[in-house]
Amino acid sequence: MAEIISAATAIQFFKSGQTLMIGGFLGCGSPQLVIDELLKTDLGNWTLIANDTSTPESDRGKLIVAHKIKKALVSHIGTNPQTVAQMNRGELEVELIPQGTLAERVRAGGAGLGGVLTPVGLNTDVAKGKPIIQVDGQDFLLEKPLKADVALVYATYADKYGNLSFYGSTRNFNAIMPLAAQTVIAEVDKLSETPLDPNHIVVPGIFIDYLVVRGR
Amino acid sequence: MELSKEQTQEIIARRVAQEFHHGDVVTLGIGLPTKAVQYLPPDVKIVVQSENGVLGVGDYPDENSADARIINAGGTMVTLSEGGCFMDSFMAFAMMRGGHIDITVLGALQVDAEGNLANWCIPGKFTPGMGGAMDLVVGTKKLIVAMEHTAKGAPKIVQKCTLPLTVAHKVNMIITEKGGFEIRPDGLYLTEISPYSSLEDIRQTTDADFQIDIK
Amino acid sequence: MAEIISAATAIQFFKSGQTLMIGGFLGCGSPQLVIDELLKTDLGNWTLIANDTSTPESDRGKLIVAHKIKKALVSHIGTNPQTVAQMNRGELEVELIPQGTLAERVRAGGAGLGGVLTPVGLNTDVAKGKPIIQVDGQDFLLEKPLKADVALVYATYADKYGNLSFYGSTRNFNAIMPLAAQTVIAEVDKLSETPLDPNHIVVPGIFIDYLVVRGR
Amino acid sequence: MELSKEQTQEIIARRVAQEFHHGDVVTLGIGLPTKAVQYLPPDVKIVVQSENGVLGVGDYPDENSADARIINAGGTMVTLSEGGCFMDSFMAFAMMRGGHIDITVLGALQVDAEGNLANWCIPGKFTPGMGGAMDLVVGTKKLIVAMEHTAKGAPKIVQKCTLPLTVAHKVNMIITEKGGFEIRPDGLYLTEISPYSSLEDIRQTTDADFQIDIK
């Protein structure tokens, strides 16, 4: 059973220096309310694991602008000039990760696997410093699992058990990050009075600790 | 004849569209590659996958159907074609890497005679990140680079990429406004010359050795 | 667009000696019609990848009884005494695979990964002959991807595009095998006249080549 | 006092039930471990996961609600508890291996003083396969072996397993009709003696060294 809390209350689960996973693809399927509350605090110094750093005006992008991120593990920063600028000035460490590899690494962390063996990034800068494992004569990069202290995700629908489902292309990393974090907070558009259809649940409720409901 | 940017892109997009067969599952890079779908013959229906979790990307929405919860990988609002579906990033990339995409069309900063592609980083100048590009290229059955032949006059088809690679030895075909190339086991072949160019023009604006096998 | 065919027609996609993946957990979510048609042919000598060999009277179990399987990669054979007997007589090769590892290996095959790094099976017979990869000082078994010539799966609902969804616990391996086979046949309870809800599709239609509809 | 098989199993199941806390997510082996849920105090609700893709296994169905499309890992028809959900095998095992299960209760052929467990194979005699057992034990936060103390009079708690292992060094607790044991870093401890047994009885029917720390 997930606990329903306010965005302001949610900040108690964050500490400076933690590793955070935040869902969303640009602004789509991105949690916002809790981020806005985090911006009011002097917490920071976080490692961010996310698909991208969004735009300076939106969700994860605002955390960059506010200098709350010390390191970002993301696949794309091109839509946030602030990320690029802070990186170039040496204020922000950025590890660029191919998007599919990022998804696999998060899921490996959440699923108790030792890593990912992927052909993506072979013979490119991405392979630098990483072990290459041969399987049946073919090379694969060994990419390590990722985990986080807190995952902050979005969902379109939730029920009081914490079960989540999604509308449209909002699912992205929101569906896998809840497996890989110690504490999981889901920001949802709509809390259903009745349990969600058990055949259509994307994230089982046991992964979700807290629900923040939009418009409340 | 001097082509406008718009004309150049249309020429390329129209040529790319001819590569699609009915039923193909395709992934398209942001920008020019995405335009190719506008020029499909009416009897050719393809399924466009977008890395952010859309299979069956449809037309752009009108005001009434626009929904910020349905976007493509460029962040633009789109619609879903009939029969399409949504999925998470984990499935979207399994689809690519697992060899379930028929054709991938991407732009390039550089592409070379060995089929190497560079499209995500100009060190010190421009590092948007690879996003899904490195995954998009790995499992696809056919990788087409679609781009303007030169950038500010400088050749983008080179003997050997100098920029950080997106993928090594994987490009099958290059389509520009000047012509078409194939990368074969024994090197680069010019296979088409566009009506807007000439062999002489292509030689002058291509910084790679190529053989000629016009179809 | 998936082609709708009869169970009898489906046998044309099978050849002796192929590797087959067949979905189902015991009798639950197990394709049946196509198996009954296969039993009428003299095809066989197959390698079977499945969760279990079911019971002698049901689905995959019947293929064992008919001696059509030369090798089985499965997690459990205890419910089919015929499998055990044929194995003990040396007529059937059985590779027992931990169920979660089997799921990961099938998915790795379908997702273009080089293998799976799992802690499951370490220091047991399952580890015999398999490479151990150390990641950050921890040991993991390297388990190889699995692929098949044909996957035969079940789904509760399908539409003409081949999109699949499931009811109850019928999902099991049916949701992942379609990614890992050259030709994929889905046997479904109900073909929907209209497209399935795009937010509730479990297996996207592009993975499905043929649909066999029950009760037709 | 001579216990019937039924009584023996009930004693064990009742004791196992005391290990569950409200809200725990648990996986239970087929047979005896599954019976533990019958003896939960009314204020303790747990979520039972079944490896075949059910989270929130409920009561057994009556004739009207029985549906062959909803089974547990033993192949028995079950119902789904409110708030539960279905999933594929891939997710079911991610849940186990990834450390999302609070307590796992399994039977054993042998369990030893080092926390090794053997429950899937007697070479040459009985090889049903491990099914999900090896995955069930790896990620769980607490692994309880629940079994009859002996098999046909022979001890099942041994100094060192001789049968093929399911998992090494992972068992936390053993519950039998005679008592309870904990496996601690420095070895096996007898922590409970059942009213149906005695220290002397346990010594005679246990083939492993143990220390005593009755709670």
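When the chains are written out, they are named A, B, C and D in that same order, and each has its own residue count from 1.
Keep this in mind: a contact is a pair of C-beta atoms (placed from the backbone, for glycine too) under 8 Å apart; a residue touches a chain by one contact, two chains touch by 3 or more.
Being a predicted model, the structure only gives us computed values, none of them experimental.
J.: Out of A-B and A-D, which chain pair has the most contact pairs?
T.: Between the two chain pairs, A-B has more contacting C-beta pairs.
J.: Centroid of chain A to centroid of chain B, CA atoms only: how many Å?
T.: Whole-Å distance between the two chain centres: 28.
J.: Between chain A and chain D, what is the separation of their C-alpha centroids in Å?
T.: 35
J.: What whole-Å value do you get for the distance between chain B and chain D if each is reduced to the mean of its CA atoms?
T.: 55
J.: Using mean CA coordinates as chain centres, what's the gap between chain A and chain C in Å?
T.: That pair's centroid distance is 32 Å.
J.: Identify all positions of chain D at which a residue touches two or more other chains, and write them in rising order.
T.: Expected reply: 80, 86-87, 93-94, 96-97, 138.
J.: Where does chain A touch two or more other chains at once, residue-wise?
T.: 104, 107, 112-113, 118-119, 166-168, 199
J.: Please classify the inter-chain touch graph. Allowed labels: line, ring, star, complete, other.
T.: other
J.: Touching pairs of chains, which are they?
T.: The list of touching pairs comes to A-B, A-C, A-D, B-C, C-D.
J.: So in the complex, which bits of chain A are touching chain B?
T.: It is residues 25-29, 51-52, 74-79, 84, 87, 96, 98-104, 107, 118-126, 156, 166-176, 202 of chain A that touch chain B.
J.: For the complex, give me every residue of chain B touching chain A.
T.: Where chain B meets chain A, its residues are 50-54, 67-71, 73, 75, 80, 86-90, 92-94, 96-97, 121, 127-135, 138, 164-169.
J.: Which of the residues in chain A end up touching chain C in this complex?
T.: Result: residues 104, 108, 112-119, 133, 135-136, 138, 140, 142, 144-145, 165-168, 199-200 of chain A touch chain C.
J.: Please output the residues of chain C touching chain B within their complex, sorted ascending.
T.: Against chain B, the touching part of chain C is residues 1, 107, 109-113, 159-161, 163, 179-180, 195-196, 198-199, 201, 204-207.
J.: In their complex, what parts of chain B are in touch with chain C?
T.: Chain B residues touching chain C: 23, 25, 47, 55-56, 80, 82-87, 91, 93-100, 138-139.
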